[in-house]
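Next, two complexes with subunit A in common: one pairs it with subunit B, the other with subunit C.
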Partner chain A sequence: MHEFLSIDLLPLLAGAMAALSCGLLGNLLVLRRVSMMGDAISHAVLPGIVVGFLVAGTRSPIPIFIGAAGAALVTVVLVEVVRTLGRVESGAAMGVVFSVMFALGVALIETAAARNVDLDADCVLYGQLETLFWFPPDSWSALLSAPTLGAVPRQVWTLAGVVVIAVLFVGLFFKELRLAAFDPMLATALGFRARWLDLVLMALVAASTVAAFEAVGSILVVAMLVCPAATARLLTDRLATQIGVSVVAALAASVGGYWLAAWGPGWLGATGSVSAAGMMAVTGGVLFAGVFALAPNHGLAARVVRRAARAIDEAAEDALASCYRAGERGESSVEPGALRRAAGGGLRGALGVRAALARGELARSTGGLALTGPGAVRATEVVRSHRLWESFLVEQAGLRPDHVHDTAMRLEHLRRAADHQRLAPERVAGVRDPHDRPIPGEPPSPAP
Partner chain B sequence: MDRAVGADAADAGRRGTPSRGLDTLPEHSRGSPLSVHAMTVAYRRKPVLWDVDYDAPRSGLVAIVGPNGAGKSTFIKACLGLIPKVSGRVEFWGRPYREQRRRVGYVPQRESVDWDFPVSALDVVCMGRYGKIGWCRPVSRAHREAGLACLERVGIADLAGRQISQLSGGQQQRVFLARALAQQADLYFMDEPFTGVDAATERAIVEVLRALRAQGRTVICVHHDLQSVEEYFEHVILMNMRIVAAGPVGGVFTRENLQRTYGGRLTLLAEASEAFAQAERGGG
Partner chain C sequence: MSGPLVLSAGAGGGAGAWERLGEVLSFRAGYNTTVVLVGVLMLGIAGGVVGALALLRKRSLVADALSHATLPGVGLGFIVASSLGAGGKNVSVLLTGAAVTGALGVLCVQAIARWSRLAQDAAIAIVLSVFFGAGVVILSVVQGMSAGNQGGLKAFIYGQTAAMSVGDAALMGAIALLSAGAAVLLLKEFAVVAFDEGFARATGWPVMALDLAGMALIVLVTVAGLQAVGLLLIVAILIVPPAAARFWTDRVGGLVLLSAVLGGASGLLGAGASAVLPGKPTGAVIVLVAGGLFLLSMLLAPRRGLLAAGLRRARLRWRVIEDHALRAMLEHTDTHGGARVPRGALARACGWGGSLASWPLRVLIARGLLRREGGDMALTPAGAARAAAVTRNHRLWERYLIERADIAPSHVDFSADLVEHVLSPSIVAALENALRAEGRLPSPHPLSAVEESGARR
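Right, the complex of A and B next:
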């Protein structure tokens, strides 16, 4: 237990808090479609940090924060200036500004390092999570006493402060932030200055970056600004829920990442451990990839399944309609092969016919397959829809009668009541389509 | 209330008064929901609206009509302080906008926002009430019910819980209209509320506009369909980088004025604007 407290607790806590504050603010960046701005700011604060450090001569947070906030402000303004005067899109403007600012920071660090200043670029990028060390008290009762808490490194307290500020900011101004992100014009018209909210947001992003930079490094900052929010967006369509889910994702990525970094190499037979901050960022990315593939509604798998289900459904309807037309020609059943071809042939046709059989809309009879009762109702709907669309395309849209069949084959599957009212407000059974075939009336709906 | 004058007549009227009406408000402007004096608006120094004078009627429906790039949306945004003016003065019931915010509603163009945003239709409608709710306070149940009533008025209360990307274009426009209703304003600016909507939505919007007129409100709409101007509106502003003519539809919406508004040739103003832009680019 003591080993966990002294070696693992603080890095874990620091990583989780950095993830939390960045994850929270990241929701707003992702929604405003300025995720790259977080990336830009997290890099561009470096010269500000170095200047603050050089001026103050210590690593105390206040001057460093002031320097970083100044650098963030310069970045935001410069990006705007480059975008408007440089005639480039905002991505390019950010790219120009943040790479120059970051390079300036690196140059400053190198100069400072020559004068034996304790600061280096690696620690800014990758952080020094593993160096957070704590001598915990001997007993649980002493855990919250003043000397014990005083032994907690300053970086952890800074992070805790930023988390509190980020939570307060998003909590108190949730309504205003949502409005300003969705419709900045209305926000400004109502008196909620969208620009000011934006500036405060960017300042907080800068603060999170600075708080995180010593402990976890800017790579984790960039990952946590985007990954949790993007992950959460795939799982919900409500902003409040999205923010909640993003917090969970941020915590899962940081705790999971730390755990993998500490014990993962052991499982693979290697010794030692990998960079905890790096592993947290990777876990955040993996989490996003997993959700992207498997999310119930917006996920890749769900979309593929939905599309396949619809294709099979449409194939089945094509098969039923083909049976209906055969019935018009006086054939009571259709040979299965012909039906599969009518349903699109190949796998699509085979699956469509099978689906119609499984739903009891087709049944085997002498000489092939025939419509059942429910199958006839659905077939009538499809053919009615097909012929109504054909009439519409010829009479209203002015297309030529011999051009409309294929289009109608696609449109016939759209059968919402509203569409049909528009197509055929007063059409009744017995009216004929452009190819002089009767348009069937509405089938009697089966008793509910 | 309307000053049924073209900019030419206004120019003639001002020739004797170097103050250009900026120091002393005309008496008849005081009660007007919106009075604009000598307003010029530019994007990066290229003027897009020149020297606009306008007094809105105390109540009724006003169409702003004019070709693309005539400055119609710019007029609305400049009135609301959303983009800076080069010169001129805008007053609402004789006071500056920031003192009258609560009485002015705004419907931006539908394409101006991201409809994938994770909010429901009702969430969007309730945004219209944020001005009344104020900073940091949550949207209370009473406000949500008021929002729901506004959705009812535009006929889509049943879609309140839908995420906005799952609404049709017409339904999205109705959500915007409901949001404006939720503002309970006395003067409304609407930027192309009829663009790209279905027939049912158009009827619903017209019904809402007529109800607003019956309550004595003023609605100023950017409108694209010249066919329906006379049917829907009783006042019209013909705009092409300046106000060509403004006033009651009967007297102003004439073939001759339309010709002057939509005239194919580059107007003198457009040429002047172009010259500004050239100078700005250093092409002189």
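Right, the complex of A and C next:
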């Protein structure tokens, strides 16, 4: 217990708070499509840190913090200037500004090194989570006493302050932020300046970046800004829910990452621990990857399943339409092989015919498969759609009658009533398509 | 104590430093320096060409994701190399690792942007930070390993140009040739995909293959440049020169060429400067030179530059002042008769403040449009001609706005455009007739118009 308090509690707390403030603000960055602003800021604080350091001559935190915050604001303004006045595309504008600022920082560091001062870009890049260390209370009960809290390093207090500000900002301006995120034009038209809100947001991103880079390092701030929000964005369509989910994801990434970094190597039989900040970013990335693959609605797997289901559905419709056309030729049933070929052949055809059978739209009869009652209704819809599209393509789009079948085969599955109204405003049953076949009328809607 | 030493080397040896810079830039500063110069020159050219293609495709920051994503590859390559006993300095293994994870990162960006609802910027930020985080984890593992020389790893993050060998320089040259060749051969294809992706798809261009080819070039340049400028700064070689070149030209071919020139110049000047100034990291100096060129371009480019834009705006503002003053003169003489207008009346009509009133007047007099008559102002013949034209134009626009503004008011810059430049002759004729019927059409013979109005009174 004592060991946990002295070694683990503060880094864990700092990581979680950095993740929390960045994760909250990240929701808005992702929605405004300026996710890379965090990256730009976190690179560009380097010269500010070095200048603050050179001016103060010590490693005392206040001038460094001021320098970093100043550099962050300069970056935001410069990006805006290059983007609007120079009319440079926003990605390139950020790239130009932050890479030149970073280069300036590296050059300045070398100057500092030449003056025998020890300043390493590494701690800016990778953070120094593990070095947060205190002389803790002896027991949990003494945790909140004044001398204990006084011993907590300044970085932790800064982070706590930023968390409070971020929560207040998002909480108080939720309505305005939502409007500005989804419809900045409307926001401006309604009379409040989306631009000002943007600037405040950027200033807060800069503040939490500066506060967090000491703990988790500047590059990993970007992970905390984007990963939780992006994860949440794939899970929900409501902003409030998204923010809630992103908070959970941010905490899971930071706590889980710390845990893996501290104890993961032990499980693999190695000694020591790996970089906690790095592991937090990786955990956030793994969480995102899992959601990217498996999210119920916007996930990759869900997309694949939806697409496969639609393909099978279309194959089934092709089979039904083929049966209908056979009926027009006077055949009451079609042999299964021909039907599978009509449904696209191969796996698609087989699955399509099976789906139609399973839904009771096809049934076995003598000599093969035949349409059932509901099957006939659906087949009529499909063929009607097919022939309406063919007529449209020939009459309105000016295609030749022998060129329209393949296109109509794909369009026939689009059967929203409004489309058909447009395709056939004056058409009645009995009118013929470009190939001189009758266009079926609207089938009677099946009894409920 | 080393501080003053460095300063004296930089500042005190002024003339010597310039001489030495000339020596370096003309490749007379010894074998090693020359190798480095040729290498970064080639890297700059390759980065400029490839970056220009990425800029057109709005993918500049993909290079950022890519360069960060090389870190885990470098770390893994180090672990593999030292566990095989090859030693951590085995550069080819490290670079192979970098290329593999870098390419993986780019593919992840593409996959996220394509198959999720997230925009490309979020995809880039995720890949960049997560891959870099993985790299940091792997590096912390490497630090725990006893085997191998870990010093070489740092060169990949911050760059170590001085270590460039002849082989490296030759590799850069080959990559520069390759990317320049690809750009020349596929310029039309890259351009069509960049400017109208939908059209490119519909007309059957292999958009996917072209994009992948562009990405492959970015991977090549990034990995080749890793050692020289480091993975945190290589992205600047790909972004800054094209963005600077964009200010000077609107043509794709010109952009690629100019971007290559600016990239090569940044490399050459930056490496030369850092050879002269001791203790300055070459990679950072190259990027700073590129940034300086960007700044110059943004300020000075003839059409898109800030100075040119400011000048245009100032000119337009002056024209508006001048037009208002001339029209006010004409309208005053129309209503009050005579050819002289009191200065106070003119200032009021133009909305000039009391103290401001003198400078526009002075300019108008200097331009020969107004002249003093006693304490009053009068139009010169040239001023009267301009005033008639301006007033006619103004009244035609007024008429147009009142009667037919439903046509395209948003497309018109009323103060700057002559009515004839925007509207068809038949509409102008109709508007003129309407004005003439009201007796408000300034006569095409302005002097007589002024005198006439005086006589009428």
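Methods note: the second predicted complex is superposed on the first by the 400 of 448 C-alpha atoms of A that agree within 3 Å, B and C clash if a C-alpha of one lies under 4 Å from a C-alpha of the other, contacts with A are read in each partner's own complex, and residues count from 1 in each chain.
Just so it is clear, a residue touches a chain if its C-beta (ideal position, glycine included) is under 8 Å from a C-beta of that chain, and two chains touch if they have at least 3 such contacts.
Bear in mind that the values here come from a model prediction, so they are computed numbers and not experimental data.
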| Given the touch rule stated above, what does A:302 touch, subunit B (first), subunit C (second), both, or neither? | neither
| request: Could you look at A:183 and tell me whether it touches subunit B, subunit C, both or neither (first, second, both, neither)? | output: first
| request: Applying the touch criterion given at the start, work out whether A:89 contacts subunit B, subunit C, both or neither, answering first, second, both or neither. | output: second
| task | Please name the chain, subunit B or subunit C, that touches the greater number of residues in subunit A. | result | C
| said: Contact-wise, after the overlay, does A:233 reach subunit B, subunit C, both or neither (first, second, both, neither)? | reply: both
| task | Look at A:285 in the shared chain and tell me whether it touches subunit B only, subunit C only, both, or neither; answer first, second, both or neither. | result | second
| request: Pick one for A:33: touches subunit B only (first), subunit C only (second), both, or neither. | output: both
| message | By the touch definition at the top of the document, which applies to A:242: first (subunit B), second (subunit C), both, or neither? | response | first
| Which of subunit B and subunit C A:102 touches, first, second, both or neither | second
| Which residues form the common part of the subunit A surface touched by subunit B and by subunit C? | 33, 233
| Residue numbers on subunit B that touch subunit A, as the complex places them | 44, 77, 80-82, 98, 101, 104, 106, 108, 112-114, 117-120, 123-124, 127, 130-131, 133, 135-139, 163, 165, 179
| task | State the interface residues of subunit C toward subunit A in the complex, per the touch definition above. | result | 1-3, 6, 55, 58-61, 63-64, 68, 112, 115-119, 121-122, 124-126, 128-137, 139-141, 144, 157-158, 232-233, 235-236, 239-240, 242-243, 246-247, 279-281, 283-288, 290-291, 294, 298, 304, 306, 309
| message | Taking the touch rule as given, give the residues of subunit A at its contact with subunit B in the complex, in rising order. | response | 31, 33, 84, 172-176, 178-179, 181-183, 185-186, 188-192, 233, 236-239, 241-242
| Which subunit A residues qualify as touching subunit C in the complex? | 30, 33-36, 38-39, 43, 82, 85-89, 91-96, 99-100, 102-104, 106-107, 110-111, 113-116, 121, 125-126, 217, 219-223, 225-227, 229-230, 233-234, 261, 265, 270-275, 277-282, 284-285, 288, 292, 298, 300, 303
